[in-house]
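Pasting the structures here.
The same chain A turns up in both complexes below, where it pairs with chain B and then with chain C.
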Partner chain A sequence: MTSLMTELIYLTGILGTLCLAIGRGERPRRWALGLGLLTAVAAAIASACSSGSVTELFGGTYRVDPLSQGYKAVIASALAVCLWLTERGPSESRRVEVYLFYLCSALGLTLMTGSTGFVSLYVAMELSSYSLYLLAASREDRRATEGALRYLLTGAIASGVFLWGVSILCGLTGGATFAALTQAAPALTSDPLFIGALALTSFAFLFKLSAFPVHFWAPDAYQSAPLAATTLIATASKAGAVAVISRFLIASGVPVAFAGWTGLLAFVSMTLGNTAALHQADVKRLLAYSSIAQAGYILTGLLAGTADGYSSAFFYATVYALMNCGAFLVVSAVAADAKNDNPTVRHFDGLADRQPFLALVLLLSLLSLAGIPPLAGFTGKWVLFSAAMDQGHWFLVLWGVLNSVVSLFYYLTLVKHSYLEKAPAGSQPLRLTPVTRLLALAIFAGLVFLGVYPTPLIEYARSAVSAIAG
Partner chain B sequence: MDLTLLWTIQLAPLAVFALIFILPKNARGIAPLLGLTGSAAAAVSALCFLLAHAGKAGQPALHYSVDWLTIDLPAAWPLGKAVSGTLKAGFLLDPLNLLMITLVTVISFFVQLFSFYYMREDESRPRYFAYLSFFSFAMTGLVLASNLLQTFMFWELVGLASYLLIGFWYTKPSAAQAARKAFVLNRLGDLGFYLGIVILFVGLGTLDFTGLGKDAVLSALGPTLAMAAGLLVLTGVMGKSAQFPLHIWLPDAMEGPTPVSALIHSATMVAAGVFLLVRAYGVFSASEVTLEVILLLGCVTGLIGALLATRQRDIKKILAYSTVSQLGLMAAGVGAHAPQAAMFHLTTHAFFKSCLFLTSGAFIHRFHSNDIWTIARGGGRKDLVPMLTLTVGLLSLCGLPPLSGFFSKDLILEAAKHHGLAAFAACVAVSVLTAYYSFRLLFIVLFARPTAGHGHGHHAHGHDAGGHHEDLLGGLSRALPLLLLAALSIYAGFLGSPMTHSPILVWLGGHEAHFDPAMAVKTLVIIAVGCAIAFALHRDPDASEKKLESSKGPWAMLVDRRFFIDDAFVWVTKQVGLRIASFFDLMDRWLVNGVLVNGTSYRIADLGRLAVRLQSGSLQGYLACGLAVLAVTLLWLTGGSSR
Partner chain C sequence: MSVPPIEFPILSTILLCPVIALLAVLLTPGRYTTAIKLVSLVASAATLVLSIWLCLAFNAKDPSFQYIERLDWVRSYGIQYANAVDGLNVAMILLTAIVIFCGILVSWGVTYRTKDFFANMLFLVAGVFGVFMTTNLFFFFLFYEVAVIPMYLLIVIWGSTNKQYAAMKLTLYLLLGSALMFAGFLYIYSLPDARTFDLLAIKQQVTFSPMVQNILYISLFVGFGVLAACFPFHVWSPDGHVAAPTAASMLHAGVLMKLGAFGILRIGVYLFPDGARFWAPTIAVLALCNIVYGAMVATQQRDLKYIIGYSSVSHMGIVLLGIATMTVSGFNGALFQMFSHGIMTALFFACVGFIYDGCHTRMLDELGGLSKTAPRISAFFIIAGLCGLGLPGMGSFVAELLVTVAAIGTYPVIGITSLLALLVTAYYVLSAVQKVFYGPENHHHKDFKDINGFQFIPRAVLVGCLIFFGVFPQIFLDWVNASTRALLGA
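Let's turn to the complex of A and B:
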């Protein structure tokens, strides 16, 4: 029972929020926010505390082990930040039941990280996805609905393709669990049907990761969802996707042809995301394209198919959640100040004068996203790319490094606006609540710390991966 | 215990530096006190160390070090051989740098004390004391370093400190320019130094001074490379110790505050080059050619410096050129196989030259002028303490027995005589010139008639400023360093004199000096000649000033234009440097910026436009695209692998 602590905490939180959702108005909403935050923090602590145990549950379809607990902690922490960001979001996206969806989606993601059977995986994935569709639509204007609909339909197609792939895999391996897959995989590595089934199955993961060719929803959904929901999609949801892909690939192995296919997708994702981001003025859209490009980087590390690759993917997912939280924290502060949930780069003019600390956090987050040492993003990319390099994927790595150069351009555009442009006349200093300031400080410290001293986390990831593979 | 003392010496000034910058604005007033405390702590620690270890010759050196980086490079171009070795970080303490560290910390303390008086009216006093402490930190690091790379790092840091302090009054264009000149010329020298370090490391696999003996260097590198390494390291020395032709930055460096000139640009930092010559003597003595080059450079530098000093009217410029010439003498001593003599001269020179510089500071602060005639007419000779220390310092500088300069300079002359006639002649000429310009300065200050106007101005100033004489603290911090340094200039020589069996030389690993009556007589004759010429020309300061102003001969022009060395540097920079630069400028604008950078970025932006067009907004399009990609890849995957 203790191994399911995190999930139980979420369930409790969800039930509590459900009860609160009966009420209307501001007070239940505040209660729900408090409960949500409490749940998120408790879940993070619970998963961190149980990070040593390995338990297999429900007939081998669910597993609690260091890797899943690590991802769960990342997801819960990201959830906490997102919930805090709702506080200053647009008012219609701040109703009580919204918090229910936040918690449900986080529960779904949490279950995803531990699923080792296709059925449980499917249920968990749909739980998180449907909650996210609703969150994306929670702004209640035409654009938001349109964006959410695109998200939903793309997701539905991805799920369909996923189920198709799963049905073939079940037929080939004679079981619906990852264990069966692992057993049958060595004999099947050159079977075209098997490789095709892997591709079909991973379609849903690519959708979650917003990688080419199922990335099209991302810019629209990012742009039209309320900022807090966008943050959840950009951080926790990505971490969950990386967790699932890692687990799936650990179980199936990475046949050469499949690696080639993934490499091609990674190549297109990076290029497309980075070049398209060059032309964006809406910051949320810009970050959406940035996440498409980052999906390419992550795929590069994953297709190495080695323990190093999976552990560096965990490290990068953590760092990625951290730096996106930093970026979105600043964006939401600027958005709240401008009373515009879709800030453009112009809104960042003179941020360094209006709120120097926030500008600094933005600077560090973006430089980290671009992979500049000594920040965490650099270390993350370093381990990711060196894992791919070890398997001889030097072309992808080279391309990834060149892409980082391109990405610097649009990241630094934001920095340029906040540091070099003058604030519009009559603008006030931007006020921060103490909690936001504390959060920003924590992210700032995390980015620097993980960049300078990444060893403990990387070691943790290594041992977690070897606990599964071995 | 030893290690604690060493860390104190090393870190106390750094702590002061950091502390001054984090002090709140209204507490910055205690900066001088902090600086004084830090330097006192370092000086006391160094003295304790000296007392504990002095005189124990043959005692093994103290060596504390930790491995820093282990380098293992496979054999590859351009070296053609595998490189492996360990870079270390640590302290190496032997008699040589124990002497040097004491020198540095003690003089540093005196200078901080004097600065208390000299800088009391300056607005940015905290910054001054912070920089001064930073310099002390860097200089002690340089001296205590156990290997060449660590030396190099601190070498650069003292360069930085020197840059910051020369340009301390950065609003003055001449000061800013002088700082830049010093920095650039030093970099020029350090480039060679660095290359030399690389050669040594590749060849030997270590940079520890203990592993840089003559035989080790020679056997690892072979004669040619050993010569190259020695000459390259020598260029660093030329920059720092102002050897010809890189000496031109030192006179300009006098734009900094006078105590800075005393500490950095005469006693310690510029002597670091000579210190390195002695410290890494194995590297230089591995090749006879290197030593000959050092001797030649030393003699040329000595002559040029001394010649230029004879026609200056700025008291600090006289002392600066004198420093150049004395540094030349020290280098000549090393070149003539007498590193201990050079080190001894470095020690005595540090005392009497810092004494002289602080004295000039005392004059300058009182008479508000650097001009010796103005100081003289203002009543310089009536200012008793500086007048006394000026006399002692100058007499020691020209080597009058039994002052300290006599013993050390004598040893260098002897070594030069031993080496060859040309070197000896050059050194004698330098000595005569030294005696001449020393007595010139002394006679002008001594014999000038005070004019009423200047005297009045002086008194008026004294009253306006509340009087320097009445202020006990100011007076003390003015007189005390001067008198103590003067005392040291008198007595320090006995450390190396034959009468006391030259403990310092033996300690440094040299031979005991022998008293040579003929040499002493020669020295006296040299001084007498210099003194006589100076007396003949300058017994009437008014006339000699007129003569200086009106002389237009080729010789006067040559000296006034500093032998055209500065002009040569400017010419080369303009004709060669700027042409190369403008070529690269063109390439940069057209090829790099225009074609490579902008061209690439425009193409990438075009690609992005294409990617954006893909995002048409039509959901059917998105899904069709996604599924089409899937279908194509499925066909490829299944079809490709079945064949």
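Let's turn to the complex of A and C:
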């Protein structure tokens, strides 16, 4: 029971929110927000506290181990930030149910990190996805539901393809668990059908990761979703995807042909994401394209197929959630101030004068996304690419680093607006609530700390991965 | 003069000075500008004192690394925080300390976002110190990029003349160069014998095949060469120099470009001596392009800062030529040139910055006769100019002599051509001096105030260094000689 503590906390939170959802108006909404935050924090603590145990449950379809607990802690922390962002967003839905969806999607993501059977995985993925579809469409002003629809349709197609792949895999391996896959995989590595099935199955994961070729929902969904939901999609959902891919690849091994296919996707993702991001004026779209590029970097590390690769992917996913939280925290503060949920780069003009601390957090988050030392994103990229280089993927590594340089161009454009351009006449200093300030400070400290002294987290990730991969 | 060995981790102390000052500056509210400046000044003065002490306590006869500091950082990835000093970097640390000390003094007049300015300067200088000290490839890369990013902000916020373009160009060029380094470092790590980023361990454990040496050396050379403004990757450098604020130009041309040349020696030549020999003739040709092309373009410039920018390209060519000779005297000359050029350009930019602040122009045609209204700043500029054209008694003279002699021995044609390019240097330096400081007085600048007591100090320190090492070059050569010998295995 204790090993399922995190999941139970979410369930309790969900039941509580469900009860509150009977009511209407501001008071139950505030209660639901409080309950949600409490749930998220408790879940984060519970996952962190049980990070030493390894338990297999439900006939080998669900595992609780250090790796899953690590991802769960990341997801819960990201959820806490997102929930906090709902408070001030200009077009956040004021309905109580929204918090139910936040908690449901987080529960789904949490279940994803531990699923070791295809059925439990599918259920977990759909639970998180459907909640996210609803969240993406939950804008108060009812504008641009097109993005949410596109998100839903792409997701549905990806799920369908996933099921197709799983059905072939089950036929080939004779079971619906990852254990069966592990057992059968060595004999099948050169079977084209097996490779094809792996590729089809990975569609759903790539969708979650917003990697090519199922990336095109990202810019529209990011743009049309309310900011807090965008943040959840950009952070927790990505961490969940990395967790699933890691587990899936650990189970199946990475056959050469599959690595080639993934490498191609990584290559296209990086190139496409960065090229498209160069021309974006809408900051949410810009961050969406940057996330497509980042998906490429993560895939590069994952396709190494080694313990180093999986542990560095965990490290990077953590850092990625952190720096995206930082970026979105600033974006949401600017959006709240501008009363516009889709701030463009012009809304950032003069941010350094209006709120120097936020400008600094934005600067650090973006530089970290671009992989500049001594920030966490740099260390993350270093370990990620060093794992890939170990397996001889020098071209992807070189391409990834060159892409990071390209990405610096658009990240710096935003920095330039906040530091160089004059604030529009008559604009007031941007006020921050104490909690937001504290959150920003925590993100700031985390980015620097994990960049300068990543040792504890890296060592944790390595031991967590070796507990699975042996 | 014998100074007893230092008992505490001196290198980390030097590195920590700007870091602690940076934290102090960040925590100080922005309105206390004097406190911020004082903290920065004290920190830079401390690094200066410590690096002079280091130079004195440094045992020049011992070619191996000294004052080694090691601390496991991420053990499973072979990342160690490791510092050491030898003949190659001891003088570079001193150079950095001198330039930052003078740079902080020169920027005393910065009023716009003072706190951010000094924070960036300290951050940048911490990166530079780090690169010069570290013996771990991970930290080398980390510090290298740490030194580049503040440059972007320094130029883009406090710069002039087309600053946004120049800043972005500089950053992208330098980071593209570092991308090659990044891939190279990870490749070295991925070799089965290596599994570490420790430079010394790699040197001991790994034997690189000739093919690998050639490929890795040239990719690292291109990576570092961008920063060292090697032709044809130099195009970011003049624009960057011109756009940067005075102190940033000083650090940039004085120290940052030397990081590139230093990296070539410290990592490229150290790990891949055969690769270096293989590519040496090619590099010699590129270096000659630097020298000749830089000098020719400098003759056509009307903006004082552009003249110095292109002269830097030309002078860095001499450094690269020295490296390309693959001889002890060539290396010694290259290192000496790095040092004296660093001081000299810092002085140049310190003078031009002062003139620009007073006259609001840097165009040759709009200046004139300044030596009558401002004799002191004119004298400083002329001293830097004389050093630039290689006047005996100045550091550059010895450096250029060493490199040219070594080059004539190895590549006679290139060596002699580079000698001829020195005449071009003399031409553009003297004609600039003539136009700015002599000739008819421009009545627009009648109110131009000459340099006062306080602003006199940094320039005087730089001139003092130039003359001191020009008159006693042996002190410098003694520092580097044993290590360059060891580097070449001679």
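We take it that the second predicted complex is superposed on the first by the 464 of 470 C-alpha atoms of A that agree within 3 Å, B and C clash if a C-alpha of one lies under 4 Å from a C-alpha of the other, contacts with A are read in each partner's own complex, and residues count from 1 in each chain.
Assume contacts are C-beta pairs under 8 Å (C-beta built on N, C-alpha and C of every residue); 3 or more make two chains touch, one makes a residue touch a chain.
Bear in mind the structure is a predicted one, so any value in this text is a computation, not a measurement.
Superimposing the complexes on chain A yields a three-chain arrangement in which chain B and chain C clash. When the two structures are aligned on the shared chain, A:G253 is found in touch with neither chain B nor chain C. Of the two partner chains placed by superposition, chain B and chain C are both touched by A:F409.
In the superposition on chain A, contact of A:G60 is made with neither chain B nor chain C. Of the two partner chains, chain B is the only one touched by A:F212; chain C is not. Judged by the touch definition given at the top, the superposed model places A:G175 against neither chain B nor chain C. Once both structures are laid onto chain A, the chain B stretch out of 296-304, 404-412, 566-574 or 620-628 that overlaps chain C is 566-574.
Judged by the document's definition of touching, chain A residues 409 lie at the interface with chain B and also at the interface with chain C. Contacts from chain A toward chain B in the complex involve residues 149-150, 153-154, 157, 161, 190-193, 195-196, 199-200, 203, 212-214, 216-217, 219-220, 257-258, 261, 264, 271-272, 274-279, 406, 409.
By the touch criterion stated above, chain B contacts chain A in their complex at residues 601, 604-605, 607-612, 614-615, 617, 619, 622-623, 625-630, 633-634, 636-642. Those residues of chain C that touch chain A in the complex are listed here as 30, 73-77, 138, 141-143, 145-146, 149, 152-153, 156-157, 164, 168, 171-172, 175-176, 179-180, 182-183, 186-187, 189-190. Listing the residues of chain A that touch chain C in their complex gives 356, 367, 372-374, 378, 382-383, 385-386, 389-390, 392, 394, 397-398, 401-402, 404-405, 408-409, 412, 416, 419-420, 453-455, 458-459, 462.
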